Amino acid sequence: MSDVLKFGIVGTGRIGRMHVSNINKLIDGAEIIAAADLYIDAAADELKANGVKHLYKDYKELLANPDVEAVIVASSTDTHAEISIAAAQAGKNVFCEKPIDKDLDKIKEVLNVVKETGVKFQTGFNRRFDHNFRRVRDLVTDGTLGDPHIVRVTSRDPAPPPIEYVKVSGGIFFDMMIHDFDMVRYLSGSEVVEVSAIGAVLVDEEIGAAGDVDTAIVTLKFANGAIGVIDNSRQAVYGYDQRVEVFGSKGMAKAENDKPTTVEVNTVDPPTTDKIPYFFLDRYTNAFIDQFKEFIISINEDKPTMVTAEDGYCAVQIAYAATESCRSGKPVKVSLD
Amino acid sequence: MSDVLKFGIVGTGRIGRMHVSNINKLIDGAEIIAAADLYIDAAADELKANGVKHLYKDYKELLANPDVEAVIVASSTDTHAEISIAAAQAGKNVFCEKPIDKDLDKIKEVLNVVKETGVKFQTGFNRRFDHNFRRVRDLVTDGTLGDPHIVRVTSRDPAPPPIEYVKVSGGIFFDMMIHDFDMVRYLSGSEVVEVSAIGAVLVDEEIGAAGDVDTAIVTLKFANGAIGVIDNSRQAVYGYDQRVEVFGSKGMAKAENDKPTTVEVNTVDPPTTDKIPYFFLDRYTNAFIDQFKEFIISINEDKPTMVTAEDGYCAVQIAYAATESCRSGKPVKVSLD
Amino acid sequence: MSDVLKFGIVGTGRIGRMHVSNINKLIDGAEIIAAADLYIDAAADELKANGVKHLYKDYKELLANPDVEAVIVASSTDTHAEISIAAAQAGKNVFCEKPIDKDLDKIKEVLNVVKETGVKFQTGFNRRFDHNFRRVRDLVTDGTLGDPHIVRVTSRDPAPPPIEYVKVSGGIFFDMMIHDFDMVRYLSGSEVVEVSAIGAVLVDEEIGAAGDVDTAIVTLKFANGAIGVIDNSRQAVYGYDQRVEVFGSKGMAKAENDKPTTVEVNTVDPPTTDKIPYFFLDRYTNAFIDQFKEFIISINEDKPTMVTAEDGYCAVQIAYAATESCRSGKPVKVSLD
Amino acid sequence: MSDVLKFGIVGTGRIGRMHVSNINKLIDGAEIIAAADLYIDAAADELKANGVKHLYKDYKELLANPDVEAVIVASSTDTHAEISIAAAQAGKNVFCEKPIDKDLDKIKEVLNVVKETGVKFQTGFNRRFDHNFRRVRDLVTDGTLGDPHIVRVTSRDPAPPPIEYVKVSGGIFFDMMIHDFDMVRYLSGSEVVEVSAIGAVLVDEEIGAAGDVDTAIVTLKFANGAIGVIDNSRQAVYGYDQRVEVFGSKGMAKAENDKPTTVEVNTVDPPTTDKIPYFFLDRYTNAFIDQFKEFIISINEDKPTMVTAEDGYCAVQIAYAATESCRSGKPVKVSLD
C-alpha cells in the first residue's frame, strides 16, 4: 500500500464532485486519481483542476486501473449494488453512498461479496461523523449515560424535494428518515426489533396524492430493551433541524442545532440569535469530510469501518417496516435474518 | 358576590395545605375560610395560623356553610367525584384535583351535574399555567407557529414512586402521563383521535412485576390532522425533566427546563450550569398559584375556566387508550362520545 | 424575643409599602405591626389590609412602641441617619435603605451608635441577595474560582430617571453605580483601594447640562491585589441589564440576565427568546424578600448581618472617589480610615 | 493579472507554514509559489508537498521573481518593516504579520512607501475576520445597534508564554492586548483618543520581575464619544476566552465563545457542556483563512484592504499609551498625527 491511498470515484454529480474537492484538497494521505461517469465530459475541467488524472465514461475501465485502491460509488442509486460488487470483486475497497439499494436481496448480494473478498466497505451515512452526534454516541459508549432507555431523533428538512423525486424515491421513510434509522442504531448501540409509524400530509397535498406522507413519527423497540422515537417533517420553515437525544440510566445527553455564530442581538425587540444552517451541505460540511478520514484509517490500519454494509442493509429493512406500519396502522417486527 | 372570594377546601394533606398557604398568603381577592378532612385535627394548627376559620371533619358541613362560594376538592381520588357533585349541587363552584375519577361514567356524572347546576368547574391540571408551556400555547393560539404539525412532550420524574403506589395508581399512563395527555390537547388546540403506545421496564423490575412499565412513548393523532409524541420515564437521575415543543407550518417553539440561576462555571473541568429542579413542587411553584388566580377570574368575570371538567374526562379516556395500546401493541381510537 | 419578630417601618412610599406586603404576606416569623409617615393617611387603607395595626405620623411614636423590635428605615435619604440613630438608641434593630447618608461623617455617626448600642444593622443593598449574584459569590467563598483576579459588573438601566432626580441625586455614581460598588466588594471579598472613572454624555444632553454623565466605566484596585471594572448606562433600550463575572486563578463564573421563560421561537425570521425584565422590581423581586429573611436570621441567631453599616459607608466613599476621578481624569485612592 | 494570484512568503516558521497550507489547499484563486527563509531547508519538504515551487534563503531573490504578485511577511518582527518596504518597492502587494514594527517611525516609513507605491497592504489582525466578531461589527455598521456607547473586549490566554518571550515582547500591551486595541477600533468604527490602564501581577511573579503585568484592564475614550474597556489575563485555566460586546443607543450585541459541539450532558452532577477551544489556532482557524480571502478580493477588485497599514500603526501607538498609563497611573492621550 502506498503512502497516499489512491481512490477512484464513480459518479461525478454534485455529491461526487464534492467528495473530489474534499479529498483532494482537505484530506492528507488520500487522493482521487480517477473518475468515471457516463457524462464525464461535463465535469472534466473541474475534475482536472482538482487533480483527478484519469477520466472514464465506463466505470469498468476505472476498476481496471491497478493504481486505484478504493472506489467511491456516488452514481445513481439503482447502480450502487452492481458497481459495489464489481469493485469488490476487482479487489478494491468500497465506499458506497446510501442506500446501497432498495432491494434487500441485492444488498445481501453485496454483503456476501464483501465478506468473500474481504475488502473494506463503508456505507455513506455521513451523519455518524457529525461532531455533535458523535459526541452523544461517545457518551453512550463510554458509559457516561448508563444503559440507553430512550433514543430520540428530530430531523426536519427546510423544504420538500420536487414532487417528481418523491414519486420515485420510495417515500419519506426511504429518502429522508433512512438517515435517522441509521442514527438510532448508532446511538443506541443496538438493533431495532419493532417499528410503529404514523404519518400525515400537512405540507403539500401533492405529496399525499403521490402516496406518501410529509410529516411522520416512528417509534422503535431495540434488542437491548430501549425504546426510541424519530420525527420528520418535509418542511421546517426555520431551517434544517437536526437534533438527537439519548436518555439512559445514568443521565441524558442532547445535541442542539449548530449556529453560524454565537452572537446574541438585544434591541427593543426580543433578543435574536443566528438562524440554523439551511440544509445538509452547510450542516454536515465536516461530516462529509470526516467519513473519509475514518474510511482511510480503516483501510490503512485494517480495522472495521464505522458504517458497514450490514448497517446499510438494516436501515433499508427498517424503512420497509416503517412504510408498512404507516400504511397498516400496526407495529411491524424487524428481524435481521 | 363578596369582594373577596371565599373558598372551602376538602382534604388537607400535603397538596391541600399547599393550596391553603398559597391562596391565603399570595392571592389577593380570595381566602380559604373553611377546611374539611376526616383527620382535620392533624392540620388544625397550621390551618388556623394560615387564617382558616372553620374546620370540619365532615365535608358536608363545609358545604352547608353559606359563606363558602367555591370548593377545592383535594381529597383522595376515589372521593373526588362524590364531593364534586355534592359541592356543585350545593351551588358551590368547584376546583377538583386530577383525576376527577378513574371511572369514565362517574366523570360523566360530574359533567352532567356541572352542566345542570351551571357552577364553574376547573380540573387541577396545573401545568397549563406553567410560564413556559403557556407561552408556547400562546404562540399556537396567536398564529405565530401556523397550523400545528408535530406536538412533543417530554416528562420524566426524578425517581419512581413507592411500589405500593404503582400497584393502585392505574399505572404510568394514569398517574404520570395523564398530565401530558392534557398538555398535548392544550398545546395542539385539538382533540386526540388515536393513540399508540410502547413501553418498557428498564428502571425497576418490581414495576414490571406489578403489571406496569416505567419507560413509555406514546404517539397521538389529533382531529386537526397534527401528530404528537410523549415520552415518559419514572427515573431521570438528573432531575425533573419537563419540556415541550410545537412544530407548525410557520415555525417551531420549544420550552427548555428552568434552572435556579443563570450562572455558568468555567474551570479546568467542563463548564457547568445549575441542575434542573428536582421535582414538581420546585418546578411548578407558580403554576400551582396561577391556576387559582385564573379560576378566581373565571368565577368573578363569569368566563369558562381554563381547564374544564371535559378536559378531565378526555385525559382519563386517553390514559385508558394508551394502557390498552401498550398491552395489545395496536393503535387505539379515542372518541369523545 | 417573641416567636414572631415585630417590625416597624418608617416611610410608606412605594418601596416601603412593598416591604410591608412582602414581609406580612411572604415571610414567616416576622410581621410589620407599625408604620410611620408624615403622609400616613394616604397609605392607611393598604397598610391595614396588610395587617399593620399601629399607624403614626411621627416616627418617634413608633420608636416608643415597646412591641417593635426592629425598624425599617425607608424614608427619604436625608432622614436615614437621624432615624437610624434614634432607632438604635431606642434599642431597636435597624434595616436602613441605601444610602445611609451622602455625608460620610453622618454615616460614621451611625456606625458609632450601632457599635455602642449593639443593635443589628443592615443596609439595603438588596442585590447581594439576588440568586445569580449570590451563587457567584459562593463560588468565590468556597474556593471554586481560586483567588479573584478580575471582577466585572455590568449594570444598565432601561431609561434615565427624571432630570429633576438627576440634579439632586448626587449623580450616576451615587444613585446608580453605588449598588455596583457594593457588588464588587461583595464579589471580590476585598476592599477597594483605588478608583479610576471615565464618563460620557451619550443618552441625554440635559444630563450633561446637570453636571452628570449618563455612561460610565470605572476600574478598581482591591486590597487583595485583584482588579475590577464596572460599566453603567442610563439607557439600555433592551431592558434592565444586570450581569456579573468573577475571573480567578482556578476559574471563572458569570451570571447572565434572567428571562421570564425558557421558550425559543424559530420561524423564517431569526430565532428569538424572551426579553429580559424591564426594571428592578421585576428582576430583584426575590432579592427584596430574601434580604429580610437574612436580617431576621441575623437577629434571631445573633449573627452579623450580610450587609453592615460599614458596607454602607464604603459604597458612598467609593462613589465620592469615582465622581472625583471622572471629573479630574486621575485615579483616586480610597481608604477606610 | 493572472486568474490565480501568485504569492510569495517570507518566513516559514509555524505561522508561515500554516499560511502556506491554508492558501494552497483551501483557497481558490491564489497560490503560494515561492518561499524564503534563512532556514528554508528545514521546511523544504513540507513546502514542496504543499506545492511551493521556488525556495530561497534570501528574501530578495523571492522579491526578484517576477511571477510573485503579493508577498506575505511572516518573518521575525524586527524584519517586518524592512521586508515590507522592499516588497512594496518591488511592486508587490504586501500582507504583513502584526506588529509591523515596535518603532512608530519605522511603521510610518512603511506607511509612506505603501502610499507612494500604491500597492495593497494588509496587516495580520486576523481576529477582524472571526465569524463572531465580524457579525458584531456588521451590526454596528448596518445601524442595528445605533451609535456605539460602550465597547467591551475580554481576551484571556490559557497560559502565559515563556518568560524569555515576555522579556523581549514589549509586555502584555504589545504582545497580547495589541489585538484588542485593533478590535475596539474595528468594533467602534472610531479612533482611540485616550487610554487608562491598570495592571497586576497575579499569575506569575517572574512576569512582574520582568517588569510586566499579567492581568490588566484598559479603559478607552473614542473620537465619536464612545467609551470602551478591555480586560486581559495571561492565564485563564478554562481555555482561550475571547468575547466582545458592543452596547449602543439602539441595542447591544455580544459574542460568546465558540464550543466544539452543542452537546449538553445531564447526570447526577451539574450539567456540563464542552470546554472552549484551548488556544488561537483552534479558535481562529477560519479567521486565518478568511483574512487572505479578503486580501485577494482587495487586490483583484482594487479595493481597500480590511486592515490597513494605518491600522497597524494605531494599535502600536495605543500599546505605548497603555504601557505608559499602567506605569504612571495616569490617563494618556493618543493622537494619530
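Chains here go by letter, A, B, C and D, matching the order in which they are written, and residues are numbered from 1 within each.
We adopt the following convention: contacts are C-beta pairs under 8 Å (C-beta built on N, C-alpha and C of every residue); 3 or more make two chains touch, one makes a residue touch a chain.
Worth saying up front: this structure is predicted, and the values here are computed from it rather than measured.
Comparing mean CA positions across the assembly, the chain most remote from chain A is C. Rounded to whole angstrom units, the spacing between the C-alpha centres of chain B and chain C is 40. One inter-chain figure worth recording: chain A and chain C are separated by 58 Å, centre to centre, where each centre is the mean of the chain's CA atoms. Across the assembly, chain A contributes 236-238, 241, 250-252, 265-268, 274 as residues in contact with two or more other chains. A complete topology is adopted by the chain contact network, contact being made between every pair of chains.
For chain D in complex with chain A, the residues that touch the partner chain are 25-26, 131-132, 135-136, 139, 144-145, 250-258, 260-268, 274. Touching chain C in their complex are the following residues of chain A: 236-239, 241, 265-276.
By the touch criterion stated above, chain A contacts chain B in their complex at residues 147, 149-150, 152, 156, 194, 196, 198-200, 202-203, 215-217, 219, 221, 225-229, 231, 233, 235-238, 241, 247, 249-252, 329-331.
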